[in-house]
Amino acid sequence: MIALLTIIFSFIGALICGLMPACAHRRIRWVALLTAGLGLAAAFCCALRYTGPGMEDVISRTWIPSMGVGFLTGFDGISLPLLLVTGLVAVAGVLFTWKLDHRANQFYAFYFALIGGVYGVFLSMDLFLLFVFYEIAIVPKYFLIAIWGGAKREYAAMKLVMYSFGGSALVLIGMLALFFASGLNTFDLRALMTVDFSSGLQSVVFPVMFVGFAILAGMWPFHTWAPQGHSAAPTAASMLLAGVVMKLGAYGCLRVAVGLMPEGAMVWAPWVAVFAVINIIYGALAALRQDDFKYVIGYSSVSHMGFVLLGIGTLHLTGMTGAVLQMFSHGVIGALLFAMVGTVIYTRTKTRKLDELHRLMERMPGIAWVFIVVALASMGLPGFSGFVSELYVLLGAWATLPTWIVISAGVGVLATFGYTLAKIHEAFFRERSTGDNTSDGNDGEGDADYPPMTLPEKAGVALLLGASLLIGLCPWLLTNHIAGSLQLLLNRFN
Amino acid sequence: MITALTLAPIAAAILMFALPEARARMVALGGALVSLALTVFMLTRFNLADTGIQFQEKFNWIPALGIDYFVGLDGLNALVLLLAALLAPIVVLASWKHTDRPRTYFALMCLQFTGLFGTFTALNFFHWFLYWELALVPAFFLIKLFGKGEERHRAALNFFLFTVVGSVAMLLGFLFIYQQTKTFDFITLAGMGVDVSPWIFCAVLAGLWVKVPMVPLHIWQAPAYAAAPAPVAMLLTGVMSKMGVYGFLRLVVPIFPDHLQNYATALMAFALVTVLWGAFLALRQTDIKRMLAFSSLNHVAFCVLAVGAIGLAANGTEIDVRALVTQGIILQMFAHGIAAAGLFYLVGLLEERAGSRGLGDFGGLSSVTPRLAAAFFVLTFCSLGLPFMAGFAAEFLIFSGSFAVAPGITAVATLGLLATAVFLLTMLQKVFTGPTPERHRAMPDLSLMETLILIPLLILVFWVGTAPATWLRFSANLF
Amino acid sequence: MDYTAIFTALLPDLFVVVALFAALGVDYGCLRGASLADRAAAAARIGGVGLVGALVALAFQLTGSLAVDGHALEVATHGQLVLNAGTLALKALLFLLGLLVLPLAARTISTPQVSEYFALLLLATLGMGFMVTSRNLLGAFVALELVSLSLYALTALNPARKKSAEAALKYFTYGGVASAFLLFGISYLFGALGQLDITQATLAEAPRLVVVAYLFILVGLGFKLALAPFHLWAPDVYQAAPTPAAAWIASGSKIAGVALLLALLGPVSLPSAHSAIVPLLLLMAVASMAVGNLGALRQANVKRLLAYSAIANAGYILVAVVAFTDAGRAAALFYAIVYAIATLGAFAVVSVWNDRLGREALIEDFRGVWKTSPGLSLALLVFVLSLAGIPPLAGFVGKFYLFFAAIHAAPQMEYWSDGLYWLVAVALLFSVVALYYYLKILKAVFVREENGELDSSPVGLPAATAILVLALLTVALGVWPEPVVDYIQSYLF
């Protein structure tokens, strides 16, 4: 029941926030923080009580028996890290939007509706229920971006929604095919996992479902929604998008596509790996070419999600453990990067254009250093979670994938290093060309120091960076559970 | 205890943020001294008869992957750890007057110390790599933030990217090895003998190659050394370049004996090219710092030459050669670390006083700044390999060992030594003799502080040179 | 079979008829000089009382307190009155929806002929009730014509606007032709079956005569249901008709029409019999989805947009109809119901907004509405998202059930062309497109800033209640559809 509380708290929080008057934004943010905090606490309790490796905290109710649909929730070692990252990002998202006063009640209503949907996906053990939560998460995204977003927000929001919905359409077809092929008249994932679908069916349905989910995971060439959506979104929403929503897709790929169709997965795994590598390298190169800070981070998300896909494509315990760990890791760090760029830096400099930033290293040294540490963590610096997860993924890749894929992934890692450093330089060290200064005539003001981080910002950074560091140094906190549950899933591959 | 000494600087770095900015240097020095004290304490307790790992700390870290936290000391890393621990406080003292954002500066420096200590003591690839990268990042920012001139950005970036290319190749290689052997433990790996394709060997080599560096991956080096502030350059040349050589000793020699044997000649050839090319480039420089950078390239390459000799030696029964050459490498690391760090410090002082560092900008300084000149002479001669100084003892061991297995290459390499003599002496001549330019007549000599910093280095130069056995006993029982 | 039995059976309809005449009589007799608003209120009240009475009677019939011998009645009337738990419930649903239309109609006084307006609404409702309870070719046709004629007249009841009359004429002409086709088809079918009662007739195979008959029937019903390529009247009529009337055309007649379509397809439920008409159904399904969804993309007028959405949704319904299984029929009917509820709700909100504007609302006119009318905006959100098929709203379950049933008919999937997977895929593709224009409405409401001062005159309690009820139904059917789905499966098919 504790796991279910995450969903319940979120939706109740959404309702309460939505019903509060907009002018009470100071109270609303405390309600929001409380809601997010309760969700995190519930997720944390789940983590503490989980013994593994099977499904725990299972709740099973009939719902629409005439369509074989049940209300089935529970979690295992694969969902656990994702529940945690959702909780963490939700809390941090509230902290980083602390000063929001524009339609705050609606903002948090949509925000928690989205979070509730995300928790729901991670907890669903019924395919239909999973799909329902998957779709519930779509519409709040639209409004969060379209109402509170930045430039081109309406276009980006619509694009994001179209991609998500298109992906879920594919998922729906695959879902129905599996349902009828199983002959069990149930969407219960545990039951469906015991079915040996014919290999012909698997090889047809697997790509459909995988692509359906992977669109939301930002798989090339369906990734274009991601940078645009992330960039246009308000900070808390882009944190959720990058940190959690992209994980929905990857989670679906892993839990549903791979979990239910081992043979299909084996047929298509090399292609998954190829696309994953394209993701990694393409994302990194694209990030290198961006001029807008948020786009840089957006493409870096695409690149990092490539590692998740690569891990899944290995179909190897270590590699897939890495994939799940990378979901956690990127969830935490990607969200933090967006927070840094979207709130911490933007509210001070009022620009996201890299070439308009001017000597930030001297004008906001504290923030610059925090950002640099976060960027290095995202780059995969040993000691942070990103390194461990990439290590796992690459280990798995060596085990099952051709050498050139591994080498290409290595090239991708290097490209990541490249753009991270290049962009750090452009953002914090480069001086703006002097041409601008004369035309603005505000040299004195242009060089003023910026205020340091506020307390909520510091708390948010500490929360997310701490989580990354903790998992970077003690990955076994998560990997034991992840690997245990994945082993159950992989048992069918032999 | 090793963990404590490794983490002491990082603790200092954290402490810095709790104290006023002006205290940063004290804290950094404190951290470095704690590490030094612990190192010295351990070395005094070092059991010379024990050929295994001493002071080891080992516990299961990531059980699922069978990764242990495993640190320890043996003959291979004792001396190089001492070198790092010795230079740490010296480097902090050398930057005592640093005023630009001191907290950031010293915090980065402390992080770097941790990285260096960790790299030298780690015996499991997982956290060895962690420290290996950790040592890189602060260096990058130290050059980028506190370096001189606009090229510092490019220099730092090149430095980082080159190193990282190598590191990633090495990481991939080791992951492959793990996939084969299911262990990251250096000692276990050395014991079981790894049978992998030569490409994996090359990948691992690439990481070390860049760090040493060797031709053709050396091009990051001179700009980085030149752009770095003097104390950072001391660290780069004194300790970081040793990371690569130490990597050869720790990874290549024990884990890939067969590959090393097969490719020893090629390795030696590359080392030879590096020696000669470094000398050649050094001859052409007019910038003292760049010249020293190339001289450093040249000197460290001798170590790799010797590694090749170990590979060749493995053929026959010439076990003495292996021991001899290994000793030589270890001593050369130590000796070069001290001499090069000292020289870079002195160049930094010269630059600070004169505002430039071109060879032609100076002259006749021996009369104006006698103490500085004396220190410079001593350290340069040490580099040259003058008898009774550290460089001589080390290079003698290396050359005598290498000559036994590869006389041709070694003979040519000695030409490099000659070239070194030529350019270093030319430098001394141009800087310290002849007429003194007008503007340098009032150049202050070494202050008391500066002298005190240099004295331990000078003492060591002679101590190692006259009594190498004192130092070599740590690695005496390796074979 | 005595007349008491028929009286008991038709008691609900009697209430409606009495109310109809009472509304006309009171208006003509006592309210000559009263204001339009008062007259409308009176007529709406009388109609409402009649419908409530009918609903109570229906409730008694359903619970058995008012005994109806359905079987005897069916035999006696040759299937003209098929009263069982299923059809009675459907009739009750239609009356309920009709009841919810009344307060909306009472708000909008678009015509001086107020009592006629309400009488026609009641008459249409009455006809729909007969449509769903009739399994007799002739009875169903007559009921359909009752509905159609009332709706033609309703469309025209807006003399202030020339367009209204023009649209009514268009509707009438198209509808007339459609009726002719339908009647023609029915007569052929009668020829093939040899009887008017279609509950008893099941064809083993379809001779050419039957195929031609169904061709005509589908063309005729295609007009009525606004299925492409026979949809041309719909956008104009929806736009020009008084909004409550358009709402009733879109919702009530859709449910009744789908029920009639399913009944008429009854004789060819065997695969051997319907194989010849499936291509036509498929064509109409795909064409409707394409025309409806693509057409809606370009609309600026909300009512026209909803008209195109109606075309598209009729296409979705056919996806389940072509399955020719019980599950498919249940799904088609269920979807028609949830669609009707949502679209009625959407029209209700639009109707309120049209009143405030005093003209037909464009999407742009909804800008910033959330500020002044949060409740209305929220209701619109619910309805539109349900139409778009977003969980946890009824539209999602409805659509899922449609696709579920379509694939259930032939679930084997080894190649892409197996079964109805491709049709479901097309439907899903178009529902992605649909989300775009539905979101356009919501974007105006929630995202954009308002153009100028927004009118926020009160909605009025009755209309607000109607909207609330519809919204709650939409949510409830989405969150817990099982009772309704189960009921339809158990009692109707």
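Here the chain labels run A, B and C in written order, and each chain numbers its own residues starting at 1.
Keep this in mind: a contact is a pair of C-beta atoms (placed from the backbone, for glycine too) under 8 Å apart; a residue touches a chain by one contact, two chains touch by 3 or more.
On a predicted model such as this, the values are computed, not experimentally measured, just so you know.
> Highest contact-pair count belongs to which two chains?
Max contact pairs: A-C.
> Mind having a look at which chain is the central one, using mean CA positions?
A
> Could you give the separation in Å between the centres of chain A and chain C, each centre being the mean of its C-alpha atoms?
42
> Report the inter-chain centroid distance for chain A and chain B in whole angstrom, where each centroid is the mean of the CA atoms.
Comparing mean C-alpha positions, chain B is 42 Å from chain A.
> Which integer distance in Å separates the CA centroid of chain B from that of chain C?
Inter-chain centre distance comes to 84 Å.
> Quick check on chain A: which residues sit in contact with 2+ other chains?
Within chain A, no residue contacts more than one other chain.
> Residues of chain A touching chain B in their complex?
Counting only chain A, the residues touching chain B are 318, 321, 361, 365, 369, 372, 376, 381-383, 387-388, 391-392, 394-395, 398-399, 406-407, 410, 413-414, 417-418, 421-422, 425, 429, 475-476, 479-480, 483.
> Going by the contact rule at the top, pick out the chain B residues touching chain A in the complex.
61-65, 101, 104, 126-127, 129-134, 137, 140-141, 144-145, 153, 157, 160-161, 164-165, 168-169, 171-172, 175-176, 178-179
> Quick one: which bits of chain C touch chain A in the complex? Just the residue numbers, please.
370, 385, 390-392, 396-397, 400-401, 403-404, 407-408, 411-416, 421, 424-425, 428-429, 431-432, 435-436, 439, 442-443, 446-447, 480-482, 485-486, 489
> What residues on chain A touch chain C, complex-wise?
62-67, 106, 128, 131-133, 135-136, 138-139, 142-143, 146-147, 154, 158, 161-162, 165-166, 169-170, 172-173, 176-177, 179-181, 198, 200-201, 204-205
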